[in-house]
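Below you will find the structure I want to go over with you.
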Amino acid sequence: AGCSSKAKDKDSGKAGAGGVKTDVGVTDKTIKLGVLTDMTGVYATLGKSVTQAQQLYVKQANAEGGICGRKLELVVRDHGYDPQKAVAGYSELEPDVLGFAQFIGSPFVAAVKQRITTDKALVLPQAWSASLLGSEYIRVLGSTYDIETINAIDFLMKEKGLKKGDKLGHVYFEGDYGENALAGSKYMAEQNGLTVVEQKIKPTDNDMTAQVAALKKAGVKAIVISAGPRQAASLVGVAAATGLTVPIIGNNSAYAPQLLGTQAAPALEKMYYISTPSLPIGDDAEGPSKLAADYAAAYPKDSLDNGVVAGWTAAETFGEALKRACEAKDLTREGVDKALLGIKDWNAGFGVHDFTDPSAPSSLESVIIKPDKAAKGGSSVVREAEISDAAKSFKR
Amino acid sequence: MQGAALTVRDLSASYGPVRALRSVSLDVPEGACVTVLGGNGAGKSTLLRAISRTLAFHGGSATGTVHFDGKPLHGTGADRVVGEGICQVPEGRQVFARMTVEDNLRAGALGARGDRAAKAAALRRVHELFPVLAERAHQRAGLLSGGEQQMLAVGRALMAGPRLLLLDEPSLGLAPLMAARIADTIREINSQGVSVLLVEQNAALALKLAETAYVLEVGEVTLSGNADTLAASDEVRRRYLGVVDEDAAADAGRATAEHPVLTRWEDTP
Amino acid sequence: MSDTAAATAQDVPALEVRALTVKFAGLTALDAVDFTVAPGTVHAVIGPNGAGKSTCFNVLSGVYRATSGSVRFGAHELTGEPPHRIAARGIARTFQNLALPPRATVADSLLLGRHRLTRTGFVAAGLRLPQAVREEARHRERVREIAAFVGIEEHLAKPAGSLPYGLQKLAELARALCMEPRLLLLDEPVAGMTADERRRTAAVIAGVRDSLGISIVLVEHDMGMVMRLADSVTVLDFGKRIADGTPAAVQNDPAVVRAYLGQSEESA
Amino acid sequence: MSTFVELLLNGVSMGSVYALIALGFVVIFKATEVVNFAHASLLLAGGYVTAVLHDDIGFWPALLVGIAGAALVGAAIEFLVMRRYRGHDHSVLAIATIGVDILLVTDLTRRIGTDVLAVGDPWGDAVLEIGPLTIAHTRIAAFLAAGLLITAFLLAFRYTSWGVAMRAAAENAETAALMGIRLGRVSLGAWAVAGGLAAVAALFLTVFPTPGLERATSLAALKAFPAAILGGLDSTTGALVGGLVVGITESLATGYQSDLTFLGRGLGELAPYLVMVAILLVRPAGLFGTKELARV
Amino acid sequence: MSDVLTKPAPEAATPRTRKLPGPRVYVWLAGFVLLLVLPFYLERFWLQAGLFAMAAAIGAIGLNLLTGATGQLSMGHAFFLAVGAYGYCAFAGDGADGLTGLGLPTWLAAVLAVGLAGVAGGVFSPIAGRLRGAYLGIATLALIFIGQHVLFNAHDLTGGFNGRDVPPFSIFGLTFDDSELLVAAVPFGTAEKLWYLGLVLLLAGGLFARGVLRGRPGRAMNAIRDHQIAAGVMGVPVARYRAAVFVLSSMYAGLAGVLLALVFQRTVPEYFGMVLSLEYLAMIVIGGLGSVSGAVVGAVFVSLLPQILTRYSDSLPLVSEAGTGGVSPGEAAKYLYGAALVAVVLFLPGGLVRLAARRPKASSAQPSGTEGNDR
């Protein structure tokens, strides 16, 4: 079987066009990037926006002549949030892409973590769970759920009158997302003498009546929700209707502008806030407004949500890393990883990132926004990007 | 209710590779009672299934023509056949085991053409024929005794107020008294003008009831004609009427000698 | 047939049914019934429909629990034992309504009858241990013998469901014989057979008794059959025993005639 | 205390929605003995039609069209799939319904995309306040609808021959045919009815307090499984009782989860199944289902 | 079926193929040799897909013993897979990751994990013993939800949502991990090595199950499925048999779970959900109820089809780039999968094995028609 196609011929680091060292996924013409997304599963909403934003970025980058004289090319695999397909997708793409501009499903990222470390391919997961930190090949963009939650509660305390001794309700998804966020609220609780009233839910729960009843009974002064948009809408709606008029703040993934089309809208606008790692796409800063315009042009049928921002940021970050690796004449996987490690105080248009420390998210700041029918993208900024002291002091 | 004539012309049936009927022709004149005799596997049940269009349920298929009251039945569905007023008591009772006796009878009346009153009358009739069915109205049919189930099967058929009654071994598992009562019932219904096609292992009983008889053997009609003349033929006497009791005892004695003896089983591991 | 009876007395015990009572919601199916089946004899149980004959069989084979009363097979009390235990004591039965899996081949059904006589467990079968293979072969051979004896040898490979009713009945009889029973319970074995088929089956049953010397309890509505085969008869009506004795005696018992036979005896 | 009553109320109102879904399972099971995994997609179909139409033709007409549409889809499933099956094994057909479900759900979610569709119901987020208790109008409506429909079916099954025909057809097709029952029509009817019921259930799954119809709405069908089973798969009453039991269990388990932490959090989804198993241990055919009784 | 009937050929062929199965043996051999050399040519994706299929096949065989042969509908199979997978991690794990681990030798851990799954099945079987048909099916569904709850909540045993790392399997000093091992100049990683382990396990499991099904236990199991009362009267201890089968099938599931864990290299709770259970049911139905070959064919079909569809999704007919409004590749894959399920059930009532069936069972399968009567 020596004639086997798989027989070893190590080709790492041979110099290519323009004397740039390359190995996997890069030819003289193209740079291949993998995208492991979910467009038919539970995170389809997120996956679709993220992917389309990244395809938009690639289109634009290529229009400007590509990167390092090479055209970018995305290889998209839709795993439908199914572990088997996700792992299979990684196995399939890994041998012929330079890195992954998107990987939805932190459990799956965790599942292939060992292999990522041996393959050394850069992976930018679309998940903000602290459990993903610590590898120099898996880089979380923007604040993790725990940080996000800490900043959220900081906002509640500074501006919404939540104070020492109060009870704080926290409704969260089972799984990495919710439980990582819970870590944040627990930390805040012990820092500021709050008590957290936990309500764990599953993605199949759409009706928050029982949760509200329980929180009401506990007498909470504010509520954090780390779930999906539906649950947030239901929670806010019920709370409003049953006279539990306390501020409610959610994580980035707990809001979608589509909600403003439903009858939950008034309540949302009245008492709901969202803590996000980046400026909302609706912001009139020039980064957001350009993206919003371009995206709307490219995908007129689809709505502008934070997934678009997340996707764009990831793509642009990867692009930046490639550009710098190109300058260093090293487009090998190691080269790109090294390049990214060098990026500091860099603003992709939605917030400042610092990739020098693999054990920390690229940013600790959160923007507090609120639902807003009037605003483009369905949300407007309440508190500009800011890193709470608690977030700084937070050690995991 | 008025009977009608059934004409079957070279009807053949097969279950996949298994041929069960070979161009069988037979007539049930209006208001007549016709019986079909035949050994195991002769094709009696197949014949009835072919008439009532239920062969498909057994993975079987039929060719040939069946006319009832002048209308062709071949190529129609079972429900149409019932709609025409043909009603069958299937082989092996086939009561709806999980339904109550009452509901079984109601199910029987589903295909009936009569109005409420007619159905009520039919129900009364059935109850007086088989009082046990009234007593057990609310018992699960599957829990009835074999004979009681047979009564239910027959009663269920009567509920439909048919013009032609297809009976597949109605006396199966019935005690002599009850068998006799079924016989009387058949006679009575027939006298009311309902045509009857009777498949019956109890040939003595069948030949008493029927005017005409057919003998099926491995899917073909070998004998047919007036019931009494057939009853007289010794072929029929031997095979279907059995021998009279006196020499039966002797016969049993002979039997022991005849058949191969089964040796005891000694396990030799 | 006293000789064979004598020959078998030691390994075929008597069956003694005492004060057997079975009640279902609001109905007494068996009411203090007594009878005894002498070793190596054919004992008929007859009676109108719903008299309790099959119920009696169901108790004897452990399918129903007796409300009260006792059933002794030799030294063993059978009431309260689960069916497979009773089967292990060498009691086999056929069913009034066929209980043959329609898709399984006749051969497989008969082999199932050998279950209690074979040992092969999951591991042995899974690993195809030699003794398992040998056992299988030996018992297939015996199955063939029995099938030939009953007269269904040529149908062994067919799925039972494709056989006509009468042959399925014979297959059930064969399956019961495959259990090498010491007591054989037959529930209407000739129902749905023509006269000469009945005669053949009767001969088979007589043959079983004579060549194996086992006891047989026979439930049958065909009086001719009962007269031919039975050594003694018990008559049930509404769960009560209304007569017991030799066929001749019972046949002329007025109570029996009234409750069961009727004046004009219809059945051939 | 008032919390308990509030949770109870909420449980009852959720339960009545589950009851509606369970009723859909029951009808199909009665008529065909098939466990219908495609029910989720029927829900989605009904809800989708209602949601997209209500703007143009108003809520009530949209709802009617939605019901009709879902009924049509149900009928189509029966006609195109169930009827074509030549075997006899009901669990095999159940697998076919899984395939159907995948097809329909994929298509509908594709249409729905990332949207959250409002159904434009008249109740909005209005609530009824009784002392300290509050209950949403939508929930009251759900409760009434469920009660009404289920009573209707009870009566239909009792006083028309429909129920008898269904059960006969399900138990023994051949003999049912011999009774003149049109097998095709019976199961077609059952599927259509199930579809209609699904559409009604979908309505109450997508009104307040849930934001609206979106791709995950159909998941709620899962919760009706224990409802249908613990009530008895072939019992209309069972569907109602089962639905309520599940709703109440879920509501209480959620409301008091902070007192049940030793069982781990998020019991809401699990609890109904535990209750179901407990009930099945005592009554293997559910509370009102017909027992499997066999004799020989 | 009818296609078989129109031509009596199968009848004629029957005795020959039974008595001297010459040609078929060679086909089998060729196939087996092919399987042996595949790792030298296939890339990791395909090997992994193959391994998923093998694991699925093992699990499906177990389910077919339970549901196909004994008639006990189970939707809880995924639970027992989870027990196997997590059991292996717990027995083999060294606790370095802060999770409970006994640090046993991995081969022993694997054996124990399979045993554990068996025990789990045994514990549930009394409940199962009381239930029938759909009721049993949905009751077993409860296992899934219990399982998921435990997997997510028993952090220090299961690692919660993050799952656990799977210690690489090692036996006779050979470790099944990515550590370089050159065979004929071909680098052998996890997939390549596990491939052979998978083959061995599947072959062993398949032959064992076949033996069981064709032997005395198999007949007893079918009897219980077809007529429980009669089975008892024929001397089959029904309750004990049902329990035994439940245990056996759970052990197969456990084995499949262990193999899956080894392939995944990390166990994630999401995987062991209801969908997985339904997929296993789909496998045995599509392949053919009650037979080993059915289980294997079905498993390969159900677990490979989606992967292949996803892989070549971009080149599927009438799919369009994501976002352009048309059918996305992922969706197209799902459509085809759903359609395939329906089609197989409708047009191959006996399952895919019927296609290749040469045994008389298949050709003279008429009485499936009479089957309705005994219901």
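Letters A, B, C, D and E name the chains as they come in the text, with residue numbers starting at 1 for each one.
Note that in this section a residue touches a chain if its C-beta (ideal position, glycine included) is under 8 Å from a C-beta of that chain, and two chains touch if they have at least 3 such contacts.
No experiment lies behind these values; they were computed from the predicted model shown.
*Asks:* Determine, using the mean of C-alpha atoms as each chain's centre, which chain is farthest from chain C.
*Replies:* Of all the other chains, the one whose centre lies farthest from chain C is A.
*Asks:* Out of B-D and C-E, which chain pair has the most contact pairs?
*Replies:* Answer to which pair has more contacts is C-E.
*Asks:* I'd like to verify one number: the distance from the centre of chain C to the centre of chain E, where each centre is the average of its C-alpha atoms, in whole angstrom.
*Replies:* Chain centroid spacing, chain C to chain E, equals 43 Å.
*Asks:* From the mean C-alpha coordinate of chain C to that of chain D, what's the distance rounded to whole Å?
*Replies:* Their C-alpha centroids are separated by 49 Å.
*Asks:* State, to the nearest whole Å, the distance from the C-alpha centre of chain A to the C-alpha centre of chain D.
*Replies:* Here the centre of chain D sits 36 Å away from the centre of chain A.
*Asks:* Pull out every residue in chain D that's touching 2 or more other chains.
*Replies:* Answer for chain D, listing residues that touch two or more other chains: 106, 171-174, 222, 265-266, 269, 294-296.
*Asks:* Residues of chain B that contact two or more other chains, please.
*Replies:* Those would be 15, 18, 57-58, 92, 94, 143.
*Asks:* Of all residues in chain C, which are in touch with two or more distinct other chains?
*Replies:* Where chain C meets two or more other chains at a single residue, that happens at 54, 63, 95-99, 162.
*Asks:* What part of chain E is in contact with chain C in the complex they form?
*Replies:* Per the touch definition, chain E meets chain C at residues 207-209, 211-212, 214-220, 222-223, 226-227, 229-238, 244, 248, 360, 364-371, 373-374.
*Asks:* Show which residues of chain B lie in contact with chain C when the two form their complex.
*Replies:* Answer in residue numbers: 15, 18, 37-42, 45, 91-93, 132, 143-151, 169, 172-180, 183, 201-205, 238-243, 245, 248-249, 251-252, 255-256, 258-265, 267-269.
*Asks:* Residue numbers of chain A touching chain E in their complex, please.
*Replies:* For this pair, the touching residues of chain A are 1-2, 4-8, 39-40, 48, 51-52, 55, 76-85, 87-89, 91-92, 94-95, 107-108, 110-115, 118, 131, 174-176, 179, 298-299, 301-302.
*Asks:* Quick check on the complex: what are the chain D residues that touch chain B?
*Replies:* That would be residues 161, 164-165, 167-168, 171-183, 290, 293-295 of chain D.
*Asks:* Report the residues of chain D in contact with chain E in the complex, numbered from low to high.
*Replies:* 29, 33, 35, 37, 81, 84-96, 98-103, 106-107, 110, 171-174, 222, 225-226, 228-229, 233, 264-267, 269-270, 273-274, 276-277, 280-281, 284-286, 289, 292, 294, 296
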